[in-house]
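Next up: some structures, all given as structure tokens.
Shared chain: chain A. Partners: chain B in the first complex, chain C in the second.
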Partner chain A sequence: MATLTLNALKKRYPNGHLTLHGIDLKVAHGELIVIVGPSGCGKSTLLRSIAGLESITEGDLWIDDTRVNDKEPAQRDIAMVFQNYALYPHMTVFDNMAYALKNRGIPKQECEQKVRETAKLLGLEELLERRPRQLSGGQRQRVAMGRAIVRSPKVFLFDEPLSNLDAALRVQMRLEIRRLLKRLGTTAIYVTHDQVEAMTLADRLVVMNGGQVEQVGAPLELYSRPATRFVARFIGSPSMNLITLEATTSPLAKHPLVRDMPAEPMEKAATLGIRPEHLRITDPLQALFRLEVEMVEPLGADTLVYGHAAGIAEQIVVRLDGIHPLEESAQLYLGAERENLHFFDVEGRRV
Partner chain B sequence: MRYRRPGLDVFSHLLLILAVIAFLFPVWMALTAATHSRTDLYTSIAPLWFGSEGLHNFISVLTEPIPGVGASASTMLLNSLVMSLGIAFGKIAISMLAAYAVVFFRFPGRALCFWLIFMTLMLPVEVRIVPTYQVVADLHMLNSYPGMILPLMASATATFLFRQFFLTVPPELLEAARVDGAGPWKFLWDILLPLSKTNIAALFVIMFLYGWNQYLWPLMITTDQSWTTVVVSLKQLASASDALVPWQLVTAMALLALIPPVVVIIVMQRYFVKGLVDSEK
Partner chain C sequence: MATFQHQRLTPWLLLAPQLVVVGLFFFWPAGQAIYQSLFTQDPFGLASTFSGLQNFIDVLHDPEYLAAFTVTILFTLSVAVASLCIALLLAVLADRVIKGSRFYRTLLTWPYAVAPAVAAVLWSFLFDPSLGRISHFLELVGVHWDHHINGGQALALVIIASVWVHVSYNFVFFLAGLQAIPKSLLEAAAIDAAGPWRRFWTITFPLLSPIMFFLLITNTTYAFFETFGAIDATTAGGPGGATRTLIYKIYEDGFKGLDVGHSAAQSVLLMILVAALTLVQFRYIERKAHY
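And now, the complex of A and B:
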């Protein structure tokens, strides 16, 4: 159990590339934080800076009440699970898990007991004598988890730990990790670019973009009240429809729901966001716009409809429940509830 | 790959058999010659079958100082063994450490170090033999094991091979070890060394043979007969003696010189085949 505090954390690589532009984050005891963001936004860099594998250029990193900027990874009392597991190929599962304990000079007997306990927790008892290459991907992943857990560290760090597994196994391990972390009650930071993983695992979700934190909050909060246009687009799949409102030309702007919005941003080129699942078929009078259907993707549980509307440059996606035998080139009148409309100003901030 | 062509099979087997005969015939000759007395060898044509003096020849080579050389074969075998083991272990230890430094540590002049090491590849022992001799003589290491071993120990080839191997080790392994509390020495000893087993076994064989077959260097720096190595002695035996070359002793000596390299190859082969199978993934 520990808290983790990041204070204006900056990271500049030796080649001069400023990767983290000052990250502020407070992680509470036992909290599970998931970091998401597009590729190259600095998620791994942030995680590695916390681990101590990269030096921190500026700012402070606190674990509990200790500033750990200048401490070696081993002294920070963190454990890390790598994307490719990084198991020691020549050691048995037992030795892999016991290695960190041995290095800390923990007596052999205690060491063995801890490893066996952890192995039991993860269902690895049968595999203790095997080498990593004799294990399946899922088992290796589990051993990597075991190696992290066995030390009872203050903070767990995960860098896309499930991305090398197939879809079914990913779902299973996702549930298992969540259960395990809640049971151990250890503070954890988890990097992923899988939407579902992020939404289901996180106590709080951190959305990063270009080395900055865009928004921090509970997953559903981010879904229902995205603070920026970027978060709006990034969270949710298919992603939110973002419609540029040119106050004068778009017929949409004259719709009562849209007209009611704060006047000031309307003068500039503001953006209206509507999630595909919040658009529904209504009568022409209440509709926000009329969609010319261009493509239909029936998924069984729901149907994705793609198309364009007059006066709107962007392609619109609609998610309709169930099966809709729609013709291409059909026309749909679509509306939405007021609370499901998101407005962003010209800088992309929510209004 | 297999082709169903009986003609080709017969032909290739014939070729192989011929090659085997060509390679084994001299060894066979040596083997039979070593079992005859000198008189036999000089009075009849080269014998192709064993004589009766084998045991006597080998015992006398191993125990008595050999005429023209002045040391017994057992002394020389020991000298050769110490020298080649020293060179093999020394080369592996030094080049592994050098490669470790060059690959895993960031220090100023790292690239320069690597290129300097790499450039010495172009300088075989023979090229630098005069200055090296001077250095060894000034250090009073003539007629000594260190003098025979140290100048031959640095190896750009082995450093280069280790470097190439270390570069293939995933960086996450180092990071995992750091998180697990392993310092630089622990990482080298607990992780890198076991992972390099295959390479070490293969290099050991090559370096042992390199050391065993050294001729010029030990010839130059050993003036005292008790430091002569096997390979050097063969030449002296065959050319030095006053009258007739004692072929039965020369061949016995040559056979003895064959044994250690063969043993090393047979023993190490097991390890590096095992290592190859072990270390994938």
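And now, the complex of A and C:
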């Protein structure tokens, strides 16, 4: 159990590339933080800086009440699960798990007992004498988890630990990891680019973009009140429709729901966001726009409808419940509730 | 399937060049050696009489042969151990260098391009009692160096020259091996509280062991056979047989002494020795080297 505090953390690689532009984050005892963001936004860099595998260029990193910027990885008492698991190929599963304990000079008997306990927790008892290459991907993943858990560190770090597994196994392991972490009550930071994983695992979600934190919050909070246009698009699948409001003369801008926005933000609003699942078929009088259907994707539980509307440049996606036998070239009048409309200004901030 | 099975000729054609080379340069001379080791020849090659295993019995009772055997073991062990250790050290250091690493690596691989005999001559110049830089320096610190007289020093000189050439060869393999070890393994070990020294011995070294094993075999073979040039060009087996290895003795007896029968018997013994050593290495060390 520990808290983790990042204070204006910056990382510049030796080649001059500024990868983290000042990250602020406070992680509470036993909290599970998930970091998401597009490829190359600095998620791994952030994790590696916390682990001590990369030096921190500027800012402070605190674990509990200790500033650990200049501490070796071993002294920080963290454990990390790597994307490729990084199991020691020449050691048995047992030795892989016991390695960290041995290095810390823990007596052999205690070592053995801890490894066996952890193996039991993860269902690895049968595999203790095997080498990593004799294990399946899922089992290797479990061993990597075991190696992290066995020495009860203060903080767990996960760098896309499930991305090498197939879809079904990923769902199963996701649930297991969540259950395990809550049972152990250890503070953890989990990096992923899979947003279902992010939404289901996180106590709080951190969305990163270009080396900066866009928003931090509970998954549903990010879903219902995205702070920026980037977060709005990144969270939710299919992603939110973002409609440019070019002039107050466009038919959409004249719609009461949009027009009756309080005057001041309305002037600033440059983009209107509506999630596909929040668009509903209504009568022509209340509709925001009329959609000319171009493509229909029936998924069974719901139906995705793609099309364009007069005066709107962007393609619109609608998610309708159930099965809708729609002709391509059919027309739909679509509306939405006021609270499901999101407005963003020119810089992409929520208004 | 049908075409796959019916292409019987192609594999043989593809193997042919290799088979011809092995046949011509190994099996044929080896067969000749075995054949000749069973005969006693007069020095002019005019007459030979079958003598069974008498040549082998003679050789094994020859104190000079046993001396050459001791020299060979000493030489082989020193060359293999020293060139492996130095190469590993250099590779570990070069692996860490970030700036100008290409330069270091190229520089360190160069000696391998030098023929062993040339390298040996070069070193014997450096150690030359009257002209050499190194012997001059040794004189200053109170060591009198003359490998023309001192047997131990002569052996040391040949060893140094052989090691110098072979270090580059081992270096290339070690460096490739080091770079094939995923960085994340060492990072994981660092997080697992292993210091640099421990990381090396528990992660890097075991992961290099297959390469180490391969090099151990090639180095041993190298020291047994291929250092003939180095010895011939510098000490010619002397002084007093201090650098007369098994391979050099075969040459001396066969080509200088014209005693073909005994020389052939020694060749066969050497062949058996190296084959046995390689077999032992495969059976016992490889088991540990695998992971």
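The criterion applied here is as follows: the second predicted complex is superposed on the first by the 342 of 351 C-alpha atoms of A that agree within 3 Å, B and C clash if a C-alpha of one lies under 4 Å from a C-alpha of the other, contacts with A are read in each partner's own complex, and residues count from 1 in each chain.
FYI, a residue touches a chain if its C-beta (ideal position, glycine included) is under 8 Å from a C-beta of that chain, and two chains touch if they have at least 3 such contacts.
Values in this document were obtained by computation on a predicted structure and should not be read as measured data.
Partners chain B and chain C, once the complexes are superposed on chain A, run into each other and clash. Applying the stated contact rule after C-alpha superposition, one finds that A:79 touches each of chain B and chain C.
Touch criterion met: A:88 reaches chain B and chain C at once.
When the shared chain is aligned, no partner comes close enough to touch A:6: not chain B, not chain C. Of the two partner chains placed around the shared chain by superposition, chain B and chain C are both touched by A:100.
Overlap of the chain B and chain C interfaces on chain A: residues 51-53, 72-74, 78-80, 82, 84, 86, 88-90, 99-100, 103-104, 147. Put simply, chain A touches chain C in their complex at residues 51-53, 72-74, 78-80, 82, 84, 86, 88-90, 99-100, 103-104, 131, 147.
Interface residues of chain B, counted against chain A in their complex, comprise 170, 172-173, 175-182, 186, 190-191, 194-195, 197, 278-281. Considering their complex, residues 182, 184-185, 187-195, 198, 202-203, 206-207, 209, 291 of chain C touch chain A.
Only residues 48, 51-53, 72-74, 78-80, 82-84, 86-90, 99-100, 103-104, 132-133, 147 of chain A touch chain B when the two sit together in their complex.
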